[in-house]
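Below, subunit A partners subunit B and then partners subunit C, in two separate complexes.
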Partner chain A sequence: MLKGVRKLIPRVHKLDPGCLLRMSTQAPRSITTHSDDQLPVQRPRAICRTPESDPVKTFGEACLMVRKPALELLQYLKNTNFTHPAVRYLLYGEKGTGKTLSLCHVIHFCAKHNWLTLHVPDAHLWVKNCRELLRSTYNKQRLDQPLEASTWLRRFKTTNEHFLSQIKVEEKYIWNKRESTEKGSPLGEVVEQGLMRVRNATDAVGIVLKELKRQSCLGRLQLLVAVDGVNALWGRTTLQREDKSPVAPEELALVHNLRKMVDNDWHGGAIVLTLSQTGSLFKPQTAYLPHELLGKEGFDALDPFVPILVSNYNPKEFESSFQYYLENNWLQHEKAPTEEGKKELLFLSNSNPGQLERLCAYL
Partner chain B sequence: MAARTVWAAGRCSEQAGAVNRAVRRLPGLTQVRWSRYGPEFRDPLTDKGHCRKPAAELTEEEKYDQDLGKTQLIKAAPAAQTCSAFADPVISKSTNMMMKGGSKVLARSLMAQTLEAVERKQFEKYHAASAEEQATIERNPYTIFHQALKNCEPVIGLVPILKGGHFYQVPVPLSDRRRRFLAMKWMIKDCRENKPRRTLMPEKLSYELLEAFANKGPVIKRKHDMHKMAEANRALAHYRWW
Partner chain C sequence: MAAPCVSCCRGLSYRLFLGLRVNFAQRQGYWQTLPVDAQTAPESQILRLIHTTVVTTKKNVSASGRDSYTEDFIKKQIEEFNIGKRHLANMMGEDPETFTQEDIDRAIAYLFPSGLFEKRARPIMKHPEQIFPKQRAIQRGEDGRPFHFLFYTGRQSYYSLMHDTYGKLLQLEKHNDPFPQKTESMNPIGSRWLIKEELEEMLVEKLSDQDYMQFIWLLEKLLTLQYGPAEEEFIQRFRRSVTIQSQKQLIEPLQYDEQGMAFSTSEGRRKSARAEAVVYERGSGKIRVNGIDYLQYFPITQDREQLMFPFHYLDRLGKHDVICTVSGGGRSAQAGAIRLAMAKALCSFITEDEVEWMRQAGLLTSDPRVRERKKPGQEGARRKFTWKKR
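Showing the complex of A and B:
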């Protein structure tokens, strides 16, 4: 569930800290779709929310709280110099403080300003629990993940529909003996090919990333690369080959291509990343700093980056979150609106947004 | 350890006192479940307001009480006793009944998920309903829980009584405690046994609670079956001697 904001200041649409950023209620079910048009039937789930805890079902709307880290990021993004190499911004913080939602806010902003958003909702899903691992046709050493690649392509298609016809591919790609994509055809064709032939989905993803990088360097579009749980790209996987030997992340084609994307050797956009301990593999629960979660390899690969700390609620934010729940009648317990109840919630959650949400769910 | 762990702290001493009095009156009785605390121990207080009153506001009795408390010994508070504003004795009791193998953490999380599921379902219904229906839809999971259990409580129960070498099911009035226990037990048992494979407890329990709130469902049916059996066996009612 997303947190809304206080009504002490009248609802102004300027982005002051503490004001309400409300998405259109009827159409977009996901925060990544920015248009107010009719929603595509398949709704991409931008964040790791289960279908049961969908805020649109319970409140009829999806709200975000405007907080300082997101505002800081938006300030930086507004002042991006598109001729300089892409700057990497890393959102880090303890568990449940709101890194993913800050990322979603940034994506929404960029989408509204007509950037092309490349959003990977959870990179951890690519390094664990993969049912099919195929040997890549492009490079014999690497492994393909058709299912994950096709889900990502579907999401990419729904979020960036209008860009797909505008961007033209710069090279000829031969898929197999009968199918090939000519130079100058729209990027949508590559995506379609990946969705139709699931075996080639990973290669399609690789081509999409390569083309977008090239196009943004040429200045034809502004690209935002947003990856949640970027610490999955450097670390260990729980995947095994048929002979039970472990798979390193660089042997996965998807991870390899995404690492190239997150490099700062291109210009014309920005890269916003989030660290995540939830869902990470072989990392202790208390780890939240970049060095701990990324490891030496990841830190060196991402260096230099702009770190942005996302912390727990301050008293004003807590108050506003509490008021939002009260106004939407989410807190149904009789004692919840009282001072006593509020103090208890503050104490139990320690102003942690995630914990507060979980507590308010059953009160 | 404690004689009987009951919901409110006050009842503990009452129970222990009643049992002690019975032991003293009837010489044949020996106490089997007994507390390690002697009679000089006082029960712990969980009322926050009581301790925070400034000295000027206290009455004579309360001042005496506080002074006594400084020298007297106090029993340790049981782990489940809270001064939380959100503590509910009915919910705590059901959580304990759902608990298996002593894992209170799991039982509590299941109960929290159940309440959340009930709330979400009701919210969905609320948003889908028209304005007149919205006034009738109850969204508070706690009221739904209490009302559902109240609807499941049987009015009369059956007890097996041995007479002439045979056991007869005799209709008998049930105490309040027994009725509440039976309602909760039936609810939890139904959710554990009669559900399709791989449905989680919160899902099934929230569904059953909503059905019981509307006076439908298998638990209500079981209550009615109990009533019918009692009605059928009413000729045996004189076998009861208490």
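Showing the complex of A and C:
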């Protein structure tokens, strides 16, 4: 369900602000928003993100619904004080209520306002199903994940290309006997190095994070750290070493660096996090509150934060979502446009956005 | 028991053969109960015995026990039954005069409690008419001459009945004027013709489907003519009343809680799940199951569709709030149980007609299907062990 999101994000910055573009399928994934932030009444669109029946591909556009939690967050972000330490905002809620998409909305907003977005689409992917675990060259206790790190670097590159040439590295980094990055060279070189030499990808990620933190502290840029599924950083992993002993999340270099990033010991930006039960490991299905999903360790690490609850659709939101589907002829059932059909859908999905989307996929 | 009469001669020879066997097999107890006048000459004795013996093809006579019961025997059984009834009444401390069959059944169930599942295997005490099957009366005189003029047709009762009916029909046609007017017929509602099995039982004879249909056709034709009270009585012998489905759905009374909101409670069951639902009159369509929202309790859409069914049928989707508790069973059984409970509770808020519609839609019937027992020698309830050729 997040694959669609991943593809969405790289095109964010190409959007002209404020216009409702419907691009063709060639460049399908642009997010259009109705930029009427003050009036929460206007909810023109809804977004769908299932990879199988991806309306993004079908409609040729990706649309977001402007909802209250996102608006609240945007309000906070507009009033961020860049001299204070970065504030952490945590989006939490039941399964399928729209936390990830609220995050997307925020990212889009920040991208439009020329922040540097550091987006981790799903932290759970880093703690499970990893094919290669290498011993880190930088620190003997930690483990590298070259594949995940290179994927992330690629995304980062496409998302923030124009920043990469502007930011200059403050230190000299030696990769191996032959290659090194001098001080003052653009960040793009570090990223290239990580992408070329996959073995060093994790270290490249670590360097990028460190540099960005430093730069934002110096006030040269505004940084938005957006992590989805942040409870993965403090849970358990399903990874094992060769001798079948379990790996704790701290031993993964990526996780370690990300934890440092999510700490509020830097200023010049904001941190927006999302909890997710769907990809989480060893957590009960009904858990959705921060302390349940983060555990004691995570909660203490993230404390203090601003919690933002994302709940099911209210009637107006449901209405507009329904209208969007109808307009785009997504609902083919003959009873779908009727009042009864709408009431049925309302009942069956209980106004849960995720459920509604899944139901409509069949119709 | 009705003697199946395929054809007279063939049956006769059969019976001859088997009757002899019977003769040799059971000597003591059987013959002594026979009336003396029946045993005049050996041949006629055999003939008669055979005639009264119910002999079908390949029937295990010894296993089925004695098949013919003479009138005296039946009379004696009836006397014994009555005496036994009075004794039973005394035992139970009730009045022997007003001791009905239901009282007898209750008394027997109390005195001989049985854990058997099959109701017919439990001890019963009923009037001998109901226990001993109907017999044919003796059909030949002492000289071997049959009493009935249609004896040699093989099915004397059936043909005599057809003869009588047709005679009545002709009579009525003769009496009636050429324009037959239909009297108000009593048949449409509330009664039906006898079914084939019932007719067979009445005539103590086997019938074929065509015979039965012929007979009913004759009766129908009779109905179209004007008839008097005698014919009416004749026809009524062949009609049975049909009980109208008049089980009234028990409508729960409304209760009112503190805020003055009306609500109604009821229970439902499905397999081994038990549910109790409280439906409030005004609400926004929220349902809470065991304190959890129904979307989380039933993540499967099918279960939620089950919950939706009663409301959707009555077109009251967003109008009621429900709070229910459920236990036992699996997810599907729990969904079914809650659905039944909700439908029953909804009855108190809707009109009689809608209750009837719900009943016809099957919303108010509790599903009788339960898990079938596993039988020995099979792997499951129906599945047999893998058949191996050798």
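Throughout what follows, the second predicted complex is superposed on the first by the 310 of 363 C-alpha atoms of A that agree within 3 Å, B and C clash if a C-alpha of one lies under 4 Å from a C-alpha of the other, contacts with A are read in each partner's own complex, and residues count from 1 in each chain.
FYI, contacts are C-beta pairs under 8 Å (C-beta built on N, C-alpha and C of every residue); 3 or more make two chains touch, one makes a residue touch a chain.
Since this is a predicted model, take the numbers as computed values, not measurements.
Contact with subunit B, but none with subunit C, is seen for A:361 once the two complexes are overlaid on the shared chain.
A simple residue count on subunit A separates subunit B from subunit C, and the partner touching more is B. By the touch criterion defined above, A:329 lies against subunit B but remains apart from subunit C after alignment on the C-alpha atoms of chain A. In the superposition on chain A, A:100 makes contact with neither subunit B nor subunit C.
Of the two partner chains placed by the overlay, only subunit B lies in contact with A:338; subunit C stays clear of it. Residues 340, 344 of subunit A lie in contact with subunit B in one complex and with subunit C in the other. Per the touch definition, subunit A reaches subunit C in the complex via residues 94, 286, 340, 343-344, 346-350, 352, 355, 358-359. Residues 84-86, 111-113, 115-117, 119-120, 123-124, 127, 139-142 of subunit B are the ones that touch subunit A when the two sit in their complex. Residue ranges of subunit A in contact with subunit B, taken from their complex: 52-53, 57-60, 329-330, 332-333, 335-336, 338, 340-341, 344, 361-363. Interface of subunit C with subunit A (complex): residues 285, 292-296, 301, 304-305, 308, 311-312, 315, 317-318.
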